[in-house]
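Okay, here's the structure, questions in a sec.
Labels run A, B and C following the written order; every chain starts at residue 1.
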Amino acid sequence: MLRRVLGLGAGRVALGVLLTVVLLAIFGPLVAPQDPLATSTDLLAAPSAHHWLGTDYLGRDVLSRLLAGSRLSVLGAVEVVAMALVVGAVPGVLSVYLGRAFEWVTLRLVDTLIALPFLVFAVAVTALLGNGIPQAMFVVGLLVSPLFYRVARAATLAVARSPYVEAAVIAGASVAWIVRKHVWGKVLPPIAVALAQTTGVGFVVVASLTFLGIGVRPPAPTWGGVLAADLGFLSYQPYAPLAPIVLIMATVWACNLLADALRDASGVAGRALVLRRPRFSGGSRVKEA
Amino acid sequence: MVLQLVDVHIRNDATGQEVVRGVSFDLRPGAAVGIVGESGSGKTLTCRSVLGILPELFSVSSGHVAVDGRDVSSLSGKEWTALRGSVIGAVFQDPASYLNPSIKVGAQVAEVVRVKKRVSRRAARDRALELFASVRLRDPELVYHQYPHELSGGMLQRVLIAAAVAADPQVLIADEATTALDVTVQAEILDLLAHLRATTGLALVVVSHDLAVVAQVCDEVIVLRDGETVEQGPTDEILFEPRHEYTKLLIEEHLQYGLERFLTPVDVASEVGELEHV
Amino acid sequence: MSEKVLDVSGLDVHYRRRGGRLHALRSASLSVAAGETVGVIGETGSGKSTLARTVLGLVRPTAGRITIAGQEVTGFSGRQWKALRRQGIVQYVFQDPLRSLDPDLTVASSLVEPLLIQGIRAADARTRALAVLDRVGLDPELLDRLPGELSGGQRQRIVVARALITDPRLVILDEPVSALDSANRVRALEFLRQLRLGGTALVFISHDLGSVAGIADRIAVLYQGEVVEDRPARDVVVNPSHEYSRLLVRSAPTLASAARHRAALNGKAVTTV
């Protein structure tokens, strides 16, 4: 499937952008030209050879701050995706195979999650676990997981009842064989598409929270924080917000582009199971096929 | 002549290929003509051209179709709508897909009557019940108030036949109308078609992949293969003196693998005798 | 010939439904000897699919006994069923060839799947796939195609090949020829007839007596979950003993009945019009 995604122009671009962002998150702080926290007297400087993206109102190097902030954004997005997979998609596939009790319990849990009032839940979790981006992304991950549960379950159900799976059963196949050989390849595309889009949502949420100053303590560098700081000095540096905006937009756009590429690259059976536009929303329900 | 096809060719405009090459037949009031062919032989396209519902990109490229003496090539969409139902009706293989699953079947047939015959709702309802009785639905009142999913395939096909003949058309096209049904039900539906033909003078075009099905009701048979008429003539001639290899194959299949393998002429005779007593 | 590949006796299957139980099978019995061809005829809801699914272990019987190749399987656990299935003694051919092949797997992958499940090495499995493909008369170059790229007749032969690859002693075929065109149907029936000579027992399940009468040794007629007739094919066709079998024979469209039908019709038409 990866090969087919890479065969598409859009897929190559999207993966290229995302790979760059991930590399930045891993190595960014190391290659950052300066300490992202170090202030200087060079306030609100224009881009120069020394400060490629200029400095902020405390004289800190913007490029270094963005590079340092990428780690938090990527970690946040990864956390959401991991939650969606572990709490949503995997139980969704297993709900078809692990017997009635598991199916019943997970279905009820998912209904409960969907019914939770978002804000109250978020406040409760932060009260319990403390105020921070990892805690916030835990909430987001938990809230998107019902969508993944249902996408995965619907796709699995559609495949599990097909005659070719029954043919494998009659040949003596184990559940593990059936999942690996027949189910996985068809369930993966719809999940991958939803995952790619959710990753974009994860980036947006991290950027929004840090923009508002939630979950991080200054002077910690973040994409949203840099943007917020720049907006305060528009009259001095009208071009300054461009850098964080382009970075955030490019990342999110790459996620959506990847989602489209994944959909186009899915196999015949997989494509039929991909939802037109799975969106992040607390109350969304996926029809079971 | 209620229906006349003269050397009809149908072309796929996308590929430029002629998928039907020369189908001709005349259908008199109360007559029955059968078209035999497999999927892809062009039998369904031929039917659709007669109904003015050729799929997109397909068109009649030469020859002509006349319904009730009128050449249909110049008909507007509105004129087609007027023609369908009142002069020519049709039933197809999968009856369930032609009914709205969330509306009672009686209401759907009454609606057809109301629109086509321009009568009051009450009159349409009475007429629908009458139609249900005429297609031999056992309890018309009950069926009238049922939803499609509550009826068996055979009953649904009867409902659709009722809808198709609601506006007293002169021709009914049955395109693989009994293919999806159980054999015993198929026999009943074929019987019903024959009965409608005998009692109301309805002319039939029966289309099937099975020569024996077509031969039950039709006086004339057209054998289609890959868009071409390979043989055409009176049913008995086709059955007992087939000339084309393909027709021979169709008959051979029955003789070798069908019930005919066991039915010697004597058996057939006794069977006929038995039937007359039933 | 006397050895039984399949012996089913007194089989009851009830499904729980809202408002009571549905008796899908009532005390059904059927036995198939090695190399024998049996037609199981019944219409929608007669229990013919339930019978097949019960024999395959997909449905648990409420009562009765099933013996496959001398082994009583009635009380088998899931694990025992799996072990039995991996021997490939009984195979099943689904009604719709297209839907019974994984659309994302090549013909080769689908063909060797039963062998790989048995734990046979991939290279050996491929050799056997080539052999079985030759047996059903298909070109080896089809191996790398996807099901969507094959014709209906080719797909039908692929699913038959998949059933034959384990050298089964019994193959159950659900409406084996109803999806095929005449030319393909004759070829398929011809092939199945040869298969029988090779000693494989066949069970045809169909709603149409006419479609399998010509190839079956014996015909069992299922009606409302009961086997109402189980006799040599000729006897069932020529001299059906049960009311329902008589109806079946009478309903089957045959060339002979065609002439008779029209004769009756023309008489009617003349008198009524």
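Throughout what follows, contacts are C-beta pairs under 8 Å (C-beta built on N, C-alpha and C of every residue); 3 or more make two chains touch, one makes a residue touch a chain.
Keep in mind it's a predicted model, so treat the numbers as computed, not measured.
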Graph class of chain-chain contacts, one of line, ring, star, complete, other: line
Middle chain, criterion being Cα centroid separation: C
Separation of chain B from chain C, taking each centre as the mean of its C-alpha atoms, in whole Å: 30
Centroid distance [mean C-alpha coordinates] between chain C and chain A, Å: 50
Intercentroid distance (Cα basis), chain B paired with chain A, Å: 57
In the complex with chain C, residue positions of chain B that touch it: 30, 38-39, 152-153, 182-187, 190, 194, 197-199, 201, 209-213, 215-219, 235-236, 239, 249-263, 267-268, 271-272, 275, 278
Partner chain B, residues of chain C touching it in the complex: 43-44, 152, 181-183, 185-186, 189, 207-215, 233-234, 237-238, 247-262, 265, 268-269, 272-273
In the complex, chain A residues that touch chain C: 162-164, 166-174, 177, 181-182, 185-186, 267-270
Chain C - residues contacting chain A, complex: 56, 58, 82-86, 88, 90-92, 94, 96, 99-105, 110, 113-114, 117-118, 146, 148, 162, 166
